[in-house]
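Alright, structures below, take your time with them.
Below are two complexes that have chain A in common, paired first with chain B and then with chain C.
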Partner chain A sequence: MHSSPAPRRSWLNFRSRKQQDRLFCFCLLLPAIILCVAFILIPIVDSVAMSFTDYKIANLTKNRPGVWNDFANYTRLWKAGKLQSAISITGTFVAWTVGLTFVVSMALALILNSEPVGARFLRSIMMIPWVIPTVIAGLLWAWIYANPYGLLQYLVNVFSKGEITDFGILNSKNTALWGVIIAGLWKQVPLMTLLLLAGMQNVPDDIMEAAKIDGAGYFTRLIHIMIPYMRSVIAVSVSMCIIENFKQYPLFATLTNGGPVGATTTLAVLSYNEAFVNNNYGSGAAVTTVWLLVMIVVVLVFNLIFRRGND
Partner chain B sequence: MNNRSFLRISSSLFKYLALAVIFLFLLFPVYWMLVTSLKTNVESYRIVPSLWPENISFDGFNTLFRDGKFLVYYKNNLIVSAIAAVIICIISILAGYALSRFHFKWNVILLATFSFSQMMPVISRLISLYSIMRRLGLTDSHLGLVLAISATQVPFSVSLMASFFDAIPRDLEEAAWVDGCGRLKTLLRIIMPLVVPGILAVGIYSFLMTWDDYLHAITLVRSPQLWTLSQGLKLTYLGEVSDWQLINSASILGAVPMIILFFFFQKYMIKGLVAGAVKG
Partner chain C sequence: MKRIVVLLLAAVMLLSAAAVMAQEKEPVTIRFYNYALSETAKADWWKNTVEAFEEANPWVTVETVTVDYNSMIQTFTNDLGSGMSVDLIYGEVSWIPALVDGEFIQQPKDVIDPEFYEGYYDYVLDQMNYADGVYAVPHYYTNSIVFINKDLVEAAGMSADEFPTTLDELKTWIETLDTFYKDSGKVSTIFGLTTAEVPATGANINAIYNAFGGQLLTDDGELADLKAEPNATAMAEMLDFYKYLIGNGYTQENLKLKDYRAAFGAGNVIAYVDSSWGYAQIGEVDANAANFTVTAPLPVVMGTNGKGNSLVESHCFLIGDGLSDGQKEAVDLFIRYCTSTETLEGYLNNIGLAFVAHKGMEDCRISPILEGAAKGVSHVQKQTQIGPMVSVQKQLATMVLDYTINGASMEDAVDSYITEAEYFINQ
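Entry: the complex of A and B
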């Protein structure tokens, strides 16, 4: 390489500029990195580690590291059947909430996309449940579900022609989870509708129009044209909804607190109770570790199926 | 022909019926909250509920303003959310710009880590976050709470902000560079004014999300004078015997500002929210 001095200088210049860029970029990212590492990554790793140890309130107050206890946290929770039941309740809750949210949101988005009277106005007031803080959403539904005096038990009374007089959706083992599912559905339909509506803007009108002229019915067009075009939006919004519901805790805290008789004790409720009610932090961490694994597997499987099914 | 127009009318009838049912489901609970906050408890506890209060009563609001607790929770929440929103904005302007403009290898790793940490349930880190905060002496303080809730919003906000920076042409920086404008100055003086909508979207989104926080507050903050709104509502007002007028009044006061904020800035918010999901 026998280059003349002038281009060489510019090459050197370029290199130093690139190095400066690198340094500048690093400095810009530093605050975000520090915050995320200190308050997200380290706690997650630390809590996975904690789950293999005996870690109780004394360890916390005396600042003593936990002692390895041969998976005792996991085996104890498993033998008591708490882990299995929490996994299955979480699964039921997530599956129903996400499924219903998707169906209702898709219906609402399709209707709004057909530009009914007042579509713009409806589109903005529909977001109200999403903006309402989750704890307040919980209190609002707790009042509707209240037994006695709640609106729901009155409606059930009227519609059953006075046969069921004190219906308390949260008081019975069989219906309590449904109380939370309805509240979750109410809270999450707006955002998913918004995202699906945005995805519908990407569906080319001319293809829809051409299919209509060719005599394709509404549902044929929906399944063969619209949904394939919306694939990535659906994948993202449903993944977001799955994660959101896996994480759900405030609704359970305000509505049921895991009861009655553990019928709504999801992994979130179980880990919170183990750690902060029973003060057994190691055991709580074991639940969250299982929870993380289950969630990662579910999201991965969903994405695999969804990508393959449509490619 | 007759048959077809009948079909069209019935399908549009069905459409409006479905629309009405879904909106009834979404909005009636909010209306019910408002109405209950204006009813006396005697009226709320009737067997046949009334759709509109017979005598409008502001007792719930009066009690809340005078009980010396509600306003403290409210003020705490405002302070915590506002400071967190500002911190999140600053961090995501810097980091979002870096991710949008420079494409170094570790940026990809960082993005992956960010989106992974966004997935994590809050409780999964709360247990050890609590012990870390204890060691740092940050439990039972607003500073610790602000840092913790800012961290949870940073991953999403950074990628949201980056998508706004992506829309700004790179020629601007090249021109500024040729004019001898430094990197930081270019960002602050030339690029930042162009992403004001993005900053608003990130700021309001983070304010809404941190206002919603319940878990961090309930584990990290113990003293009642530091409680935030959600925590105070749950721990003070939702007791064994609930005063529903009071609870609904408090809920209205907690929800209405958020609704107003959203309506004022919905243009920016919706753009931001949708950009994140539709692009991916």
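Entry: the complex of A and C
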């Protein structure tokens, strides 16, 4: 008597449909995971590891591992006050730039949303600063700010009736950061305006109409209906703006290079100077690690605040 | 008999062929990294020079690599990391420490013909000393000189040939010109000194500090005691001179050398301090600038102790590590070819104005524009090279701005400088 042979089943048959779907999803995700690990995670881990070592040019060219240096990169930067100063300047720059970008963009989006004459043309023109590469934008503003032949100096001269003849916004440690903030606003307002405008146009007209019939004024409708409806767009655009400004380097490089007297030395500038001016890659990596941590904390806090607001 | 003759002829032919083969050299390629190739006028000169050299030495191929001035070190690092060789570099003195620390380059004395090597002026070669020896050879050099617009000076009833030789005379000269041009709107700068926080400015201020009799670094590469004499007096007098110039509007604050070059070319600057090759950018603004440009050395009496000395700046050849014997021979020949009157005279007169750095070029004609400055050409002081030289010098500009514009006291500005400089030196 022959026992019937067990039916031959493919390995896939051992799994449920759900498991197969998961496996298929994982296969689809695998290239992205490999790329992320290879080009994002490993470099970050490598940079963090480098920050704990004495790592100079010869380590790189001769493929020598860095030598553990008991957190010396961090302590040296901290004792010299460079980290604290750079964190403070970066924070100030990000707070003012993001805050002002949001306020100006919201105002412009509201104007454009009311469909003034030439709104479409204005929208096209507005995109020019965003399209221009940041380095070119920096050079353009450097020309505007140039002392004594720049446009700003000329305007100040005209409006002060010749009283102020040597106004160099980038020359004083009290005003240099504002010079960069203004250039940053010019560059970033267009994109945020368009994002906010897109969000505004998704607010249902019938609700706005109903509120109007119920007697809600313009600001009441703005604060209690429009902004809550735009919450997700605001969260995304402000998050993007925070990250963009945290890693802002080209504007500083072209306008101030961290000066005068260190007044615009942000974490980005400090990191570049340590790594590529002083050729101390370990120290540069230490700044980058702190920079990354600060950025993560700020974005997390921002998202937490927004999520709590949603609840 | 015929057979013997044929055999003899064959033997002679073989011997001749062998002799010719022995004379032919193994083909060699040298990879030559040159930042000057990104500047049109210089690129043309280098292209012609390389072609002429290759024609004269057909066994050598010079493979030129254009690199950006500001990212030279990163380019070397990346290229070496990816297995390419860096055989010869055309660069500046300030690059030496980073290239030596990165183990990119070797000492030229091991490559260049000893007799030719002996011909370099000691005071120029000394400037290329770092760690355990000399790590570059100069192509040509300059010290800090004063560019003067003789038309503007003569229009004020003065002579450009009689440039002041003391600090007091210089101040009188500046004030006289200021009085003449005050309300004319023609002139933006009477006497320009750069103060922007960039490496070139740092080197320029260091030169001015030397002119006042100060010394920034000790021979051991440590920060000199800036509060001991004569450094303290030199520092105080230098800072006060900058304050005098900026405070009275005789010089523009926070300007780079390239800004002064452009403004000088446009006829808006009466005089300013620069390297001799700064004239290249002046000439780009006004091709006829030679008609109104003359030069002078820094005054020989600058304050209490200053003798108008400045520092050597040089464009130089840096030789890559790990060359084969054939490559060494080719590099030696190429450097000697480039550092000859026949090759370099046109360049020094028309493209990059500078002074010769080799005794073998004593017959080389120097640009008439540099005639005035030539009187002070050997008023140079040795500067020890250190790894963080660029940052240590750049901080000098920060100190000057701190004192002249941002209201810091002299003591605070200098203290702050010492803290910053030591941070870089002790890393």
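Keep in mind that, in the parts below, the second predicted complex is superposed on the first by the 271 of 311 C-alpha atoms of A that agree within 3 Å, B and C clash if a C-alpha of one lies under 4 Å from a C-alpha of the other, contacts with A are read in each partner's own complex, and residues count from 1 in each chain.
We take it that contacts are C-beta pairs under 8 Å (C-beta built on N, C-alpha and C of every residue); 3 or more make two chains touch, one makes a residue touch a chain.
Computed from a predicted structure; not experimentally measured.
In the superposition on chain A, contact of A:Trp291 is made with chain B only, not with chain C.
Once the two complexes are laid over each other on the shared chain, residue contacts for A:Lys62 go to chain C alone; chain B is not touched.
When the shared chain is aligned, chain C comes close enough to touch A:Ala80, but chain B does not. Contact with chain C, but none with chain B, is seen for A:Gly259 once the two complexes are overlaid on the shared chain. Touch criterion met: A:Asn280 reaches chain C, while chain B stays clear of it. Looking at the superposed arrangement, the partner reaching more residues of chain A, out of chain B and chain C, is B. Of the two partner chains, chain C is the only one that A:Asn171 touches; chain B does not reach it.
Of the two partner chains placed by superposition, A:Thr53 touches none, neither chain B nor chain C.
Looking at chain A, you'll find residues 60, 63, 146, 148-149, 276 touch chain B in one structure and chain C in the other. Within the complex, the chain B residues that touch chain A are 15-16, 18-19, 22-23, 25-27, 29-30, 32-33, 36, 44-49, 90-92, 94-95, 97-99, 101-102, 104, 107, 110, 113-114, 117, 119-132, 134-135, 147-148, 150-152, 154-155, 158, 183-184, 208, 211-212, 214-215, 219, 229-230, 233-234, 238, 242, 244, 247-248, 251, 254-255, 258-259, 261-263, 266, 270, 273-274, 277-278, 280.
Residues of chain A touching chain B in their complex: 20-22, 24-25, 28-29, 31-33, 35-36, 38-44, 46-47, 50, 60, 63, 104, 107-108, 111-112, 114, 116, 122, 124-129, 131-136, 139-144, 146, 148-149, 151, 154, 186, 189-191, 194-195, 198-199, 202, 232-233, 236-237, 240, 243, 246-247, 249-250, 253-254, 268, 271-272, 275-276, 281, 284-285, 288-289, 291-292, 295-296, 299.
Residues 56-58, 60-63, 76, 80, 82, 146-149, 166, 168, 170-173, 257-262, 273, 276-280, 283 of chain A are the ones touching chain C in the complex.
Across the complex, chain A is touched by residues 73-74, 76-77, 80-81, 98, 101-104, 188, 196-198, 249, 252-255, 259, 387-388, 390-391, 397-398, 401-402, 405-406, 419, 423-424, 427 of chain C.
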